[in-house]
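These are the structures in question, set out in turn.
Shared between the two complexes below is chain A, which has chain B as its partner in the first and chain C in the second.
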Partner chain A sequence: MIHIPFVFYLRILPEIVLTAFGMLIMLVEGPARAGNRGKATGRLALTGAVAGFLSCFVQARYPGTAFNDMFRVDAFSVFFHLLITAATVAVVLLAMDYLPAQGMERGEIYALLLFGTVGMGFMVGSVELIMIFLSLEISSIATYVLAGSRRDSAYSTEAALKYLLLGSFATAFFLYGIAMTYGATGTTHIDLIAAAPGVAQALHGVHGLVLLGAGLMFIGLGFKVSAAPFQIWTPDVYEGAPAPVTAFMSAGPKAAAFAIFLRIFYGALSASGNTWFWMVWVAAILSMTIGNIAALRQQNLKRMLAYSSIAHAGYVLVAFAALGKQGIAAVMFYLAAYVAMNIGAFAVIAHFSYRDERYVELRDYAGLGFKFPGASACLTLFLLSLIGIPLTGGFLGKLFIFRAALDAHLIGLTVVAVINSAIAAFYYLRVMVYLYMRTPDREIEKPLPSGTFAVALGACAAAVLWLGIFPDRMLEFATRSANALLFHIGR
Partner chain B sequence: MIPLSYYLILSAILFCLGVAGFIIKTDVITVFISIELMLNGVNLSFVAFSHFLRDIGGNIFVFFVMVVAAAEAAVGLAIIIAVYRNRTTLNVDKMNLLKL
Partner chain C sequence: MDALNHTIISWTLLLPLLGALGIVLAPSERVVRWLAAIATAATFLVSLHLPFHFDAQQGGMQFIQNLPWIQSLDIHYFVAVDGISLWLVVLTTLLTFFGVLVSWKAIHYRVKFFYALLLILETGMLGVFVGLDLMLFYTFWEVALVPMALLIGIWGHERRIYAAVKFFLYTLAGSVLMLASIIWLHTLTGSFNYLEIQRQLATGVVRLSPHAEMVLFLGFFLAFAIKVPLFPFHTWLPDAHVEAPTAGSVLLAGVLLKMGPYGMLRFNLGLFPHASERAAKVVIILALIGIIYGALVAFVQPNMKKLVAYSSVSHMGFIVLGIFSFTLLGTQGALNQMLNHGISTGGLFILVGMLYERRHTFELAEYGGLATQMPIYAAFFVVIVMSSAGLPMLNGFVGEFLIMLGAYTARHAFGAIAATGVILSAMYLLRMTKATLWGENSNPANATLADADTRERFVLAGIVLLALYMGVQSTVFTHPTEAAATQALAPFNGEENVRLRAPLADPRVSTPRFGDPAGIAARFPAHPAASAATFPSPHPDRTLAVVPRAVPVAAGGSR
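Here is the complex of A and B:
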């Protein structure tokens, strides 16, 4: 009989809570729909997501490892747990506004949102490649289904199919990378890989297997964070999936994928850093440039934000290439700001999209600034933050990234990033021009006013401003997390 | 005894065949099977490494890969049916409502 200490369960409390609520939603879904009380599942999901968020604080009180050293609670994992569960709370609020308005209020969507969050939670806490792989799949499979949750729409199902095929393709590459690393080091534990002699030798080009593994894992994770040249699925899937699902995909799974990116490359393969550095460098430049240039000519707002999310993955990779504690902290701060502003922007798009997402083109936003001053002001704030205007989280995030890159003497990369930020300003500003300076050529139907939408929007706006004006606490937390990540490999 | 490199080369060939099938084939089901071929190529690597390293970890990993592949197949076939209901075609080249 294996004895499992109770504290292990406390360390994975957010996952337990979210799973329990997910299953509860599946159970009450049938009776709730039969009794014509579809709202019940939404409220249950909101309770679950908030409980999951709060239980991260319980988890944070018990740092250490759990279940045979497979799962670790440290500042790094708690940071990402809080970020991901907060994103889920916002997305559930958004879904409670969007789903009834679209006539697709179904409980399984909420349940899948929670299950996906469970996968992401395990992703950011796992220090064992088997667990990382499994949790990556838990989150991915939930997201594939969510992308196709508008079952009667050819667009949504096509998006789901493309996401599934390219996602599984990427998973196979990731897995092959794990196999190669396992073969080179004889272990799948992050700390043991870091300590294995083969990894350090890769520095001198002795051990090709480790480098092959690093390259293949980079391809797999590059797909998941939609970094160029592996970004090809992103615009299609973001455009076809229902807007709250797009918000979810662009926030949680992306942040979690970056977390395991950090865990694997800084945790396990840090000794061969000089060799994988160039992969990150090339991917960063390609992502920023391709994302921003393609976004310039988009008329569909969801598609535009999809290209913008590719570009933002590029900015994060710039900090990633800085190879140091400051770079890791910049990555984490930027992800926090990015999650808030991106969910906020998609929240506005979801709210105005109307039935069957009829109004998602740029021209539909003409003149909305005066008809819906509140929502438009918030959208403007999120766009300004995405550009990187001072007083917003996006500005400070970019600042920390550039500073980390400059401190690491990545002058060329920083110059490209700054030029790209200037290009990006054009297409974000164009949305604001439409909002406030154009007269509409067709009237859009008014969305129903909604309390949950207002709360989600207010929370995202508050987070963007808080990060932009009082960044100290978040930056301190991010730096502490970076220390925790590097502590175990003794750097 | 068959050397480790033979297994690894076979595994790489299987993986590359899967990649080629994924890129060339136009039928969704065939594309899906190509992904399974890639996963099985990886599984062979894991088993071979596990045997030569005398470490059970690789074998355990293979079980998890099979479980995940099954879950992916279940979800994948459900999505394929949903696509077929909307489009009455399973040709990847016709999946162009969203411009790639």
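Here is the complex of A and C:
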């Protein structure tokens, strides 16, 4: 019998709590009375998500590693734990309104949300490539199923299938990359890879394997964060999945994937930075440009935001290419702002969508600004933040990214990013035009009654403004996390 | 008094926001209108504190308030005014007040939202002129953009959406490049503080290669050139103006366009003098093209509002010309012309808007002979048109004349071409007057038009009196700007400017201060100390210095 210190369990407390609640939901769902089923599981899920969020603070008090050095609690992993669990809380709040309205109140959706979060939690805390791979799979499989949870919609099934097939491909690439890295360095531990002699001379001889491994892992992760040229699945999946699930996918898994991106490329492979830098550079430019230009032509709001999420992955990659502490902090701050504004935007879409997501076209939004001033004002705020107008989190996020990039003398990349954010303004602005300036050509039904939606919306709006006006604490946290990430490799 | 001087700018920024909050909570449209009027009037009165207590002798920043905002980036809430921004602040508060009054009946749907946006817009515009932390400046710059686009898009005319989107995207495209330049400056100097950046650049702490300086210059310049708008970036302007509601047009022409030349003077000339000098020839040529082109297009417009919009392109060209002539006369003229243009073009838009309220058309062909039907309106119309055309004794003359003198000194041809613009402006403005007021009132639709009512007379009288006052007592307005203008020009051929300054401000003649109860007394030579004693000044010790101009206050001298 191996002795496992108690503190190890505290270090993965959020994961334990979330798993326990996820299983509880599945247990409760069977015996609960049919009419009450959704309500009970929803409340359980909310309690679980909030408990998971709060247990991150417990976790944060016990920094260190656990389980044979596979899992690490430091400022970096706590930052992402908080971000991801907060996103889950918001998504559960959305789902509690959305699912009954759509008549798809099923406990397994809540359970899968929590299980997915567990996977993401392990992703951001693991410092071991195999462990990262396993947790990536946990989170991915949960999202594959969630994407298909609108069972009577062909789009949703298509989304699930597409996501599953392409996603499996991507994880295979990722796994292959791990194998190559192991072949080159003889280890799968992040810190040991960083110290391995081959990493610094990635271009020479047998150490080319490191570069190959980096490239393959980049493809796998590029898929997960929907960076071009691995973005093909995004619009279809975002469109087909139920709106709260889309909100979830665009926030949690994306942030978690960026976390392991940072862990692997900055943590393990930073010594060969000058060789993989160009991959990031090209992917950043492609993502921003393809995402924004494709978004210009979308009439469906979910598809539009899907392309916008590709573009935003590009902005994050710009900071990524800056190769420095400032860049890491910028990535993290931006992700925090992005999670808040994107979940908020999808929340409003879910709210207006009505049964079977009937109203997700741009023209359905004509004149809503004065009919439903509260929700529309919030949507406007999120759109302004996505454009990058001052006093919103999105603006400061962009500011940090540009600053990091200019500090690293990436002037060309910054100019491309800046031009892109001007192009992007057009399609976000178009939504506002419909909200406030156009007259409707057909009346849409009144959104179904809602309660928890307003809480989620208010929280997202408050977060966007807080990050935009008083960003000091978040930035300080992000910088501390960046230090923590770099600490172990002695940079 | 000291505490007030250091918070007065914040009060002018805060009052409209408080008004907007009150409007959101207001129970009825009537209350909304009155609240908006009271809030804007109060803001105007509060902003009058600035010229009354402004120390015209010193060129640096006054009424400074500097508080840390975002510490991790060293972004400050740093607001202040100097001679360049002083009158622009007052112009903004006054025109917003007028904007509220002219919208009284014209805006009849979504009234609450309209006035709330108008007041938020006011804060944004004011912030642009007083924000001296580059990030704060940029924040206000963008904050002013959103409500204006909404004003055009919601309450505008037929093609309002196209115009609103065009306006938004044009401005944003310019400003993101400015943002990149601001961040780049930050990485070079480690500061967002305007004065600090200026000091570092001027004293050579941070040396820019000519190439880098030019890139930074262009980053800022493009944003401002679009805003001015300088030819060939002007195409958004006629659309935005024609489609905007009257209050929107007034603020657009009166204030928003002024952000362009303000920015050029403050940032392009202030931070990148060498690049400015290198770019000057091209800029001046573009400005001259704008003057002539705008005037010619205005001349053939069948649409009144478009005519006034193109006249703005022409008039704004004068301002840019004045700034890039790098002469004190030109700069002073440009600063003065910014105010004049705000008053007279704002007035023209108000006049056009009043006709539109009655007849719902801007077509010149629809009008004619209105002078018989609306004599009082016609009288105001003629005076305001004359002020826009630059008739002596009215405000427009002073600025244009100074600019032409300045341009002429810089290069004779510039002055000559600019003068053509003045002639052309008289042509298209008189054509508009003839087509609307004079001739036979033959259109039956015009037979029963009501003359200006009390509210309208109040607004028009305010503008006409101001035009007259600014035309006669122009030194009241040019005097406070002089020290700042001199200082702004310090890096440019300093010797010549000292010579040029002489006719404008003879040190033997003390110029009257704004609000001088005995304006005539100021004609007589008086020791500056005497006048300083009469009027409380925030810095009495500095008022005693007789000619402290050209002393760089943390701004750096010539290099």
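Going forward, the second predicted complex is superposed on the first by the 482 of 491 C-alpha atoms of A that agree within 3 Å, B and C clash if a C-alpha of one lies under 4 Å from a C-alpha of the other, contacts with A are read in each partner's own complex, and residues count from 1 in each chain.
Just so we're on the same page, contacts are C-beta pairs under 8 Å (C-beta built on N, C-alpha and C of every residue); 3 or more make two chains touch, one makes a residue touch a chain.
The shown structure was predicted, so the numbers you read here are calculated from the model rather than taken from an experiment.
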Contacts of A:406 with chain B and chain C, given as first, second, both or neither: second
Which of chain B and chain C A:152 touches, first, second, both or neither: first
Touching partner for A:425 - first (chain B), second (chain C), both, neither: second
Partner chain in contact with A:247 - chain B first, chain C second, else both or neither: neither
Partner chain(s) touched by A:391 [first = chain B, second = chain C, both, neither]: second
First, second, both or neither for A:134, with chain B first and chain C second: first
Partner chain(s) touched by A:25 [first = chain B, second = chain C, both, neither]: neither
Contacts of A:476 with chain B and chain C, given as first, second, both or neither: second
Touching residues (chain side chain A, partner chain C) in the complex: 370, 384, 387-391, 395-396, 399, 402-403, 406-407, 414-415, 418-419, 421-422, 425-426, 429-430, 432-433, 436-438, 470-472, 475-476, 479
Complex contact set, residues of chain B against chain A: 8, 11, 15, 18, 22, 28, 31-32, 35, 38-39, 41-42, 45-46, 49, 53, 55, 57-58, 60-61, 64-65, 68, 71-72, 75-76, 78-80, 82-83, 85-87, 95, 97-100
Touching residues (chain side chain A, partner chain B) in the complex: 129-130, 133-134, 137, 141, 144-145, 148, 151-155, 157-162, 164-165, 168-169, 171-172, 175-176, 178-180, 182-183, 186-188, 232, 235-236, 239-240
Complex contact set, residues of chain C against chain A: 70-73, 110, 113, 135, 138-139, 142-143, 145-146, 149-150, 153-154, 160-161, 164-165, 168-169, 172-173, 176-177, 179-180, 183-184, 186-187
